[in-house]
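The letters A, B, C, D and E name the chains in turn, as written, and every chain counts its residues from 1.
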Amino acid sequence: MNFSPVHFIAVPLFAAFLIPIVGRFSKEAVKLIPGLVLLYLSYVAISLYPIALQKPIVEIIAGFKPPFGISLYFGPLAAFLVTMVMLIGLVIWLYSYKFIIREPLEKYYMLFMLVIAGATGIMITGDIFNMFVFLEITSIAAYSLTAFLRDKDGAEAAFKYLLIGSFSSTFYLLAVMLIYANTGTLNIADIAAKMQTVPNQPKIFIMILFLVGFGIESELFPLNGWAPDAYSQAPSPIGGVFGGIVVKASTYAMMRFAFVLFNFHSMFELILVLGVITMLIAEMSAMRQQQIKRMLAFSSIGQMGLIMIAFGVGTDASVRAALFQVFNHAVIKTLLFLAAGYLVFHSGSKKISALDGLGHNKPITSFFFALGALAIIGLPPFSGFWSKLYILTSVAKGGFLASVVLILFSGIIEAIYYLRVVGRLYFKKDVSQDNVRRTPISGLVAMGILAVVILYVGLYPHQIIDLIKPAAHDLVDKAAYIKYGLLH
Amino acid sequence: MIYYITAILLILIGMYAVLTKKNIIKIVIGLSIVDSGVNLLLISIGYIKNGTAPIFSVKGLTPDKMVDPVPQALVLTAIVIGLGVTAVALSLVIRLYDHHKTLNIDKIRKLKW
Amino acid sequence: MDINWLKVLGIIITPIIAFIVGVAYGGIVRNITARVQNRFGPPVVQNFWDIIKLYSKKTTVSHGWMHHLAPVFAITASVTTLYFIPVLRDSKLFANLSFSGDLIFLLYIMVFGSLGMALGVGQSGNPNAAIGVSRGLSMMVGYEIPFVLALVAIMIQFHTTSLNDLLAVQDKFTNWIIFQSPIAFIAAILAFLGMMGYAPFDVVIAPAEIASGPPSEFGGKYLGLMQTSRSIFTFAKLVLFTDIFLGGAGDFGTLIVKTFLLYMIPVLTGIVNPRFRTEQAIRFFWKWPTVFGVIAILAVVMKG
Amino acid sequence: MISIPVLLLLIFAAGLLAFIAHHTIPVLRDAIVIIAITIAGYIVWQLPGQTSNVNFSIGMFAINWGVTEYSQLFGLLIAVLSFFALIYSSAFMANKERLGYFYMNFMFSIGAMFGIVYSQDLISLFFFWEIMTWSSFMLTIYCCEEAQSVGLKYFIFSAIGAYSILTAIVIIYSGLGSLQLANIFANFGTMSIAAKLAVVILLITGFGVKSAMMPLHVWAPDAYKMSPAPYTAIFSGALSKMGIFGIGLVLFKLAAGQGFYPYVQEILAWIGALTALFSTFYAIFQTDAKKLLAYSSIGQLGYIITGLAIGTPLSITAALFLTIMHGIFKSMLFLSVGAVYYRTGTTNMNEVSGLIRKMPYTFFTALFGIITVAGIPPLGGFAGKWMLYESLIQSNHYFLVIVIFFASTAAFLYLYRFIFSMFLGQEEKETENVKEAPLRMIVPMLILAVSTLVFGVFPGLLLKPISGAMGYLGNFQHAWETSVLFNNWGSEIDLNTIVTSIGGVFIIAWILITVKGYRKNRYVTTKDIHTSGEVPTGNENLTYAIDFYKPFERALGSVLKPSVDKLYNYTGKLLEDSFEHLRYVYTGNGQTYAMYVMGFLLILFLFSELIFGVAL
Amino acid sequence: MTYDKNSKKIVDIIQNFARKHSLWILAYGTGCGAIEVPPTMTSRYDGERFGLRGAATPRQADVLLITGYLATKTLKRVIRTYEQMQSPKYVIGFGSCTINGGMYWDSYNTIKALDRYLPVDVYINGCMPRPESVISGFIKLQQLISEGKANGAEKYQKNLEWYRENQKKVIHNWKMPDYNW
C-alpha cells in the first residue's frame, strides 16, 4: 500500500467528524473507531518509518510545491515522535475504552481524535501557519477535554488553560505575522533559508514571541500556571494525553524553531536556565501536594524542565538525550496517569492519603504505579535511568556542572515524593472499601503495554537510541532540513 | 500606518482588559479584542494602498498593485479559530457561573498551590 | 616434633610460682591493711587456707554451663597472660611463650578473662552480679585509655611492640623506662590502680552494696578457682609492669622486691581511700591519667 | 566456559523465577534460589580461570565485565554469605507473607552486588549500584508499616550517595571521555586538579553512604533493624562492603599518587576512627538488638575505612581481613538475633532474657560472634585488630590508634549487653516455651561460627586472596605465614602458639573444675539466687536490662547529645518548609498566571540586550 | 564423697584445717545481737585473726550467724538463706533468744528454740553476748570442725522431714523451692 503522511492528519480529522454522527446509531462504534484509526495510523507510522529514515518524506498538499504550498515534512524526528504519539494514543484509547463511562462519549472520542490530529499535525507540518491551525485544534480540544467532567474544578482549570492558551496562540500568530512580513514566506525550510538575511532586531523579537508562545504550551516556569490545574482536573487518560502528546508537540515546535530558525547561543542558554528553574520549582511544589494527580502534574512539569535543560545544552548528544527523555517521559508519565486514574477511581478520592493500602486491594494497578514511579525516578533497570544518565553526561560535557548537581538534587526530591506515595500504597492498612469494582482488563492491558515498553527500553536502551540518533540529527542539522524541505 | 497603530492599540486594550478586569466575561471580551487586533495587524501586513484583489481580472495588473492574498487567507482562518476559542470560553464561563455563582475571577481559585 | 622440655617445665612451674607469690601477696596485703587499721590481721598464709577451704567445699551450685565455665575463662586469661610475659630477663626457663606475642596481644588477652567471667556471671541471673559487670566493663573502658596511651608512647619511643625488646632496652639501671619516660609511667600507674580493683576503684565488687557484685553467685570450687586466677593475674600484671617500666628482674629476689613495691602503690592507695562511684572513676581516668598519657606521646613525638 | 553474564543472568532469573514460583508452586521457590546460589558460588569460584573480559556496548557507553583479584575477594564473600543466608531464610521466612517479593529482591540485590564487583566500567557499576539500592530498599520496607519512613530515609541517603557517584562519573566522562575502569585508572592523572579532587570526594561520599560513614550513617540502624534477619546479614555483611570495595578502588587506583592524597588519607582515617568511636557509644545505649548490631556494624566499617585510608601494606591487609571477617561475624550475629526473633518475636533486648538453655546453639553462635567482634584471641577478629593497631602505630598515627582502641574497648560494653540481655540473665516466664531454632537456621550459623575459629588460627587462609587483591590495588606487599603475622618493626605473633596455649589452659582448667566434686554439682534455675532470703515469685522482675550502662552514660555526659540525625531532620524540615512557600507562586488565579506571562514577555523585551545581546 | 567422721585421712585433716581457719560469716542481723558483730570484727577484737571474714552472699559463706530473736516471718528468710549455703555449713545461734526465746519467751510471733528449725552447731549465750564470748563461740566451732563434729548440715539433710514439719508449723504460707544444698 502506498501510505502518505497526510493520513496522520486526515484520518483522525475525518474520524472526529464521523464520531458524532456514528454516535447517533451505536455507542460501541464510537468506542471502536478511534482504536481502529489509531491502529491504522500506527501501522502507517511504522511502515513509513524506514522510508523516512533513509530520506525525509516531503508531502506536497494541493500541488503547490514548497515554498508556495503547504507541505508536510516527515523526517526521522517526525517519524519518531509520531510513532510515539500513536503508541501513547493507542494505549490511552485502550484504557479509555472502559474507563470513560461518562456521557457524552462521542464528544470525548471526537476531542481525543482532534488532539491526535492536531498534535501529529504540529509534528509533521512544514508550514508555520499550518502549525498555528494545528496548535489551535489541539488547544481547543484540550480545553474542552479539561472540562470534560463538567465539574466545578474542571471548568475552572479549563478556563485558566484557555486564558493562558489564548496568549500562547496570540503570540504565536504575531510571530508568524512578523516572519511573514520579514521573509514573505510561511514554509519553515524556506524561512530557515531566508532567516540569515533578516536583521537581528526583528529576529530577536520574533524569537521572544515564539519562546513565550511555545513556552506556555511546553510548561516553562513562569508560563505554566495552567498546567497543574489542567492535568489534575482532566480525566486521567487525558493527563497522559497532555503529558505524552500535547506538550511534546509544542516542545517539538519550539525546538524545531530554535534549531532551524534562530540558532542563537543565548537562546539556548535561556532555555537551559528556564529549564533548571522550571524543574526545581515544579519538583519542590510536587513535594507538598495532597492530590496525586496534581503531584503527577508538577512532576510532569519538572520532567519538562529536565528535557528543556538537555535541549538547552544544544549539542548533538544532549539533543539525543532530550529526545530519549521525551520518549521516556511520555511513556512513563502516561503509565503513571493511567494507574493513578484507577487508583483514584478505586479509592474514591483524589487525595494521596486516600490511597492507603490500595496495594493489597488492587495489586496490579498499584504495581504499575510503583513501576512507573521507580522508572521516573531514574532507577535501573528501567528506561528512565538511561535517559537521565544520557542527559547528565551530555550536560556535564557541555560544561554545566551546576545543572548536573541541580538535576540530581531535584531527582532526590522526586524520589522522596514518589516513594511516599508508593509507600502508602503498599505499607499502610487498607482503608478502601472497594472490594467489588475491579480494574478492567483493557485498562490493565494498556498499562501493561507501557510497563513492558519501560522494561524493554530499560534493558535494551541501544535499540531506541538507534532510532533517536537520526531523529536528533534531523533536528540539529539545519542545512539538511532546508535542503529536503525545499525539495532541492 | 493607522492600521498598525489601531491594531496595536486594540491588542493593548484587550490585554489591559484581560489583566485587570475581574469579571470573566470582560476577560473573554478582552481576549476577543486582542484577537481582533492581531487579525487587523495581520491583514494590514499584506495591505497596499490603492491595491486591488490579487485576481488577474484586469489586463496589465502587476503584482505590486495587488494586495498580498496570503494574509487574507490567514486572517480568515484566524477569525474562525478566534471565534471557536471565544465560543469555548463563553461556554466555560457559563459552566463557571453555574458552579460558582460568581463571575469574579479572584473568587474562582479553588485550584491553587 | 621435638619438644622443648625446658619450655614445658617453664610452662608448668610458672603458674605455680605465680600462684604462690600471688596468694602470699594477698595475705601480706591483708596484714598490712590490718596494721593500718590498728589490728593484728590474719596470718600471712590465711589466703591459702581460704582457697583450700573453697576447694574443699562439698557441694557446688551452678546455674548452667556458662556459669560453670566462667572461672575457667578467668584462669585461662591469667595463665595465658603470664605465659606471654617474660618473668625473668634472659631466663630461658621463664621466658615461656613471650616470643610469640606482643604488647597488643597482651592487652587483648587480659580482657579475655573479664569477658568470660562476665558471661558466666550473666548466666547466674543475679541482678547484683549484672550490675557489677556493668560497672566493671564501664570502668575498664575508663582505665584502658590511659594505659594504652602510656603503652603507645613507649612503643613509639622504643620502636617496638615486643616486651622482650623493651626488656633489652633497659639494660642498666638508668635506662629503665620509668626514668626514660616518667610521664608515661604516671599514666600507666594511675591506670594500674583501676586495673587492680582496690579502693577507690572497687565499685565493681562493692560487697555491702551489691553483694560482692559479679562473684555473688559463685561459691565453693568456682570461687576457689576465681581466687586462684586473681592471684595469678595480680602477679602477672605486676610482672608486666615491672618488665615494662622497672627493667624487669634478673632473679627472683629482685623480682619479688620490685613487684612488691609496685604492688604497694594500689594497696596503700586503697587502704586510705573511700570508694568512687562508677562515673566518677571513669571521669577520673579520662582526666588526669589521660592528660599524662597524651603528654607522654607528645613528648615522644617532640623528641623525635 | 561459564562466565559473568551467565552468573548475573542466573541470579536475576532465579529472582524472577522465585517470584513466579511463589505465586504458582510455592514449594519450588526456596529450591530455586538455593540451587541458583549454589551454582553461582561454583561459577564465582572458577571465575579467576577466565582471562577474557566481557565487552559490549549500550548506546554510547561501552560495557566491560571482568574479574580481578580484588573483585574476586568480594565476589567470594558475597557468594558464601548469600548461600548461608538463603539456607537460613528458607526456614526463617517460612510462612511469611509476600515471599515472592522477598526472594526476588533478595536475589536481585545479590546479583547487583556481583555486578558491582565484576564491573570493569563505571556505567555498569552504577547500574548495578542502583539496582542494589532499590532492591535493598524494598527489603527494608518489607516488614511493616513502621519501616516506611525508615525506608524513605535509607532511600534518600542512598540517592544522595548514588548521585554523588553519578556526578563523579559524569565529571570523569566529561574529562576523560571513557568510563572503562582501566582507562580511568591509567589516565586519571591527566584531569585537572579540581576535577580530580571533586571526583575523589564525590566517590568517597557515594561509597561512604553504603558503608555508613559517620555523617552519612543515620539510615543504617533503622534500616538494619527493619529488614528481615537473613537479609540483614547480607545487608551488613556483604552490601555494606560494596562501599568498602568502592573506597578501596578510589583510594588506591584514583587518589593514590595525586598531590592531595595524603590529606584525603588523613581525613578519611579520622572520619573512620570517629565513626568507630561514636557509633560504639551509640551502640552501648541501644535497646534493640538489631540496632545495637547495626551501630556495631557502622563502627567496624569505621575501622576498615581507617585501615584503608592509612594505606600502608599492613593496614590494607588489616582492612581487607577485617572486611571479610566482619562479613562473617556480623552476619552470624544478625542471624542469631534472627533466630531469637524467630522464636520470641522480638529483638528488644529488654523483653527477652535467659535464652541460653533454650537456644544453646544460637547462644554459641552469638558467643563466637561477640568474641570475634571484640577482637579477643583466639578467634578471627584478633588477627585483623592486631594488624590494624600495629599498622597505625607504625605509620605514626598515635592518636588515631588511641581513638580506635578506645572504640574497641568500649565495644565490649555493647557486646556484653547484647549477649547478656538476650541469652543470659533471668529466664522469664514469657520465654518458657521457647525452643531452639530449626536445623536449617542453626547449621549456617554454626558453620560461620566455626569458620571464625579457623580464620583466627590460620589467617593465612584469608591473607592469600587478600594479598592477591592488594597486588591489584597497587603492588602492596606484606609478609605473612599461615598462622604467623608480622608487623613492620619485626615483632610477630604466632597464632598457633597462642591458640594452643589458650586452648590448653582452658581445657585443663575445664577438666579440673568439672571433675572436682562432679557428682555434687547441682544445677539450679536462675530464680534460685541470692535475694537476701526472699523467695522470688514468678512475676518479680529480677532482670537487670533497662539502662544497663547508666553509669557510663553519666560519665560520658553530654557527648552524645548532639545528634546528626536531628540535624538532618531539621534540615529536611527546613527545606520542605521552603518548598511549601515556593509553591505559592501557583496562586490559582488565572489572571495572575496571565500576568506572569506578560511579565515574562516584558522582561524578555526589556532586558533583551542583557539576555540576547541585542537591544530592541 | 560422703563425709565420714571416723575416717581421718590426711586429706580430711588438711581440709578440716583449712575450713577451721577460714570461716566466712554470713551475719543475719535479725536482732539486737547484730550490734555485737562489728566490734568483733574491728580493731578492738579483730576477728580476722582467726580467719573470720564477712561474706556477702550465702553462696560464699560458711557460717550463718543468727544474731538474736527470729520472728516467724524472718525465719522463712533465714531458712532460705541457710539452704542456699553450700556445705559444709555451720549455724551459730547468738544470744539467749535463739536458745529459749529469751526475753521474748512469751511472744506470739517469735520462735523460741532455733534448734527445732535449723541445725545449730554452736550457741553463744548472753543477752547480748560480748565480743569475747562471740570469739570463744567461734573457737568452739573451730574445735568442733577440726574434730569433725560440726556436722549440722548432715543432720539437717538427714532429718529434713522433721525440720520441714516444724518449719511449716510456724510458717503458714510455705512457698519455698526444694532444698538444694
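In this section, a contact is a pair of C-beta atoms (placed from the backbone, for glycine too) under 8 Å apart; a residue touches a chain by one contact, two chains touch by 3 or more.
The model shown is predicted, which means the values in this text are computed figures rather than measured ones.
K.L.:
Please find the path from chain B to chain D through touching chains that uses the fewest steps, and give that number.
P.N.:
The fewest steps needed to get from chain B to chain D is 1.
K.L.:
Which chain's mean C-alpha position is the greatest distance from chain E's?
P.N.:
Chain centre farthest from chain E's centre: B.
K.L.:
Report the chain closest to the protein's overall CA mean, measuring from each chain's own CA mean.
P.N.:
D
K.L.:
So using the touch definition from the top, which pair is joined by more C-beta contacts, A-D or C-D?
P.N.:
Between the two chain pairs, C-D has more contacting C-beta pairs.
K.L.:
Most remote chain relative to chain D, going by C-alpha centroids?
P.N.:
Result for the farthest chain: B.
K.L.:
Using the average of all C-alpha atoms in each chain as its centre, how far is it in Å between chain C and chain D?
P.N.:
So the centre of chain C lies 36 Å away from the centre of chain D.
K.L.:
So, what's the distance in Å between the C-alpha centres of chain C and chain B?
P.N.:
100
K.L.:
What whole-Å value do you get for the distance between chain A and chain B if each is reduced to the mean of its CA atoms?
P.N.:
Result: the chain centres lie 28 Å from each other.
K.L.:
So the centre of each chain is just the mean of its C-alpha atoms; given that, what is the distance between chain B and chain E in Å?
P.N.:
117
K.L.:
Counting only residues that touch at least 2 other chains, which ones in chain E make the list?
P.N.:
Residues 1, 57, 59, 84, 180-181 of chain E touch two or more partner chains.
K.L.:
Considering chain A alone, which of its residues make contact with at least two other chains?
P.N.:
159-160, 163, 228-229, 285, 288
K.L.:
Would you mind listing the residues of chain B that make contact with two or more other chains?
P.N.:
Residue numbers touching two or more other chains: 18, 27, 108-111, 113.
K.L.:
Chain pairs in touch?
P.N.:
A-B, A-D, B-D, C-D, C-E, D-E
K.L.:
Which part of chain B faces chain A closely enough to touch in the complex?
P.N.:
Residues in contact with chain A: 11, 18, 24, 27, 31, 34-35, 38, 41-42, 45, 70-71, 74, 77-78, 81, 84-85, 88-89, 92-93, 95-96, 99-100, 108-111, 113.
K.L.:
What residues on chain D touch chain A, complex-wise?
P.N.:
57-60, 123, 126-128, 130-131, 133-134, 141, 144-145, 147-148, 151-152, 155-156, 159-160, 163, 166-167, 169-171, 173-174, 576, 578-580, 582-583, 585-588, 590-594, 596-601, 604-605, 608, 611-616
K.L.:
Report the residues of chain A in contact with chain D in the complex, numbered from low to high.
P.N.:
159-160, 163-164, 167, 171, 200-201, 203-205, 207-208, 211-212, 215-216, 222-223, 225-226, 228-229, 264, 266-267, 270, 281, 284-285, 287-288, 317, 374, 379-381, 385-386, 389-390, 392-393, 395-397, 399, 401, 404-405, 408-409, 411-413, 415-416, 419-420, 423, 426-429, 461-462, 465
K.L.:
Mind pulling up the chain A residues that touch chain B in the complex?
P.N.:
Residues of chain A touching chain B: 129, 132-133, 136, 139-140, 143-144, 147, 150-153, 155-160, 162-163, 166, 169-170, 173-174, 176-177, 180-181, 186, 228-229, 232-233, 285, 288.
K.L.:
Would you mind writing out the residues of chain D in touch with chain C in their complex?
P.N.:
Residues in contact with chain C: 354, 356-357, 363, 367, 371, 374-377, 382, 385-386, 389-390, 393, 396, 398-399, 401-402, 405-406, 409-410, 412-413, 415-416, 419-420, 423-427, 487, 489-494, 497-498, 501-502, 505-506, 509-510, 513-514, 516-517, 520-530, 542-544, 548-549, 551-552, 554-555.
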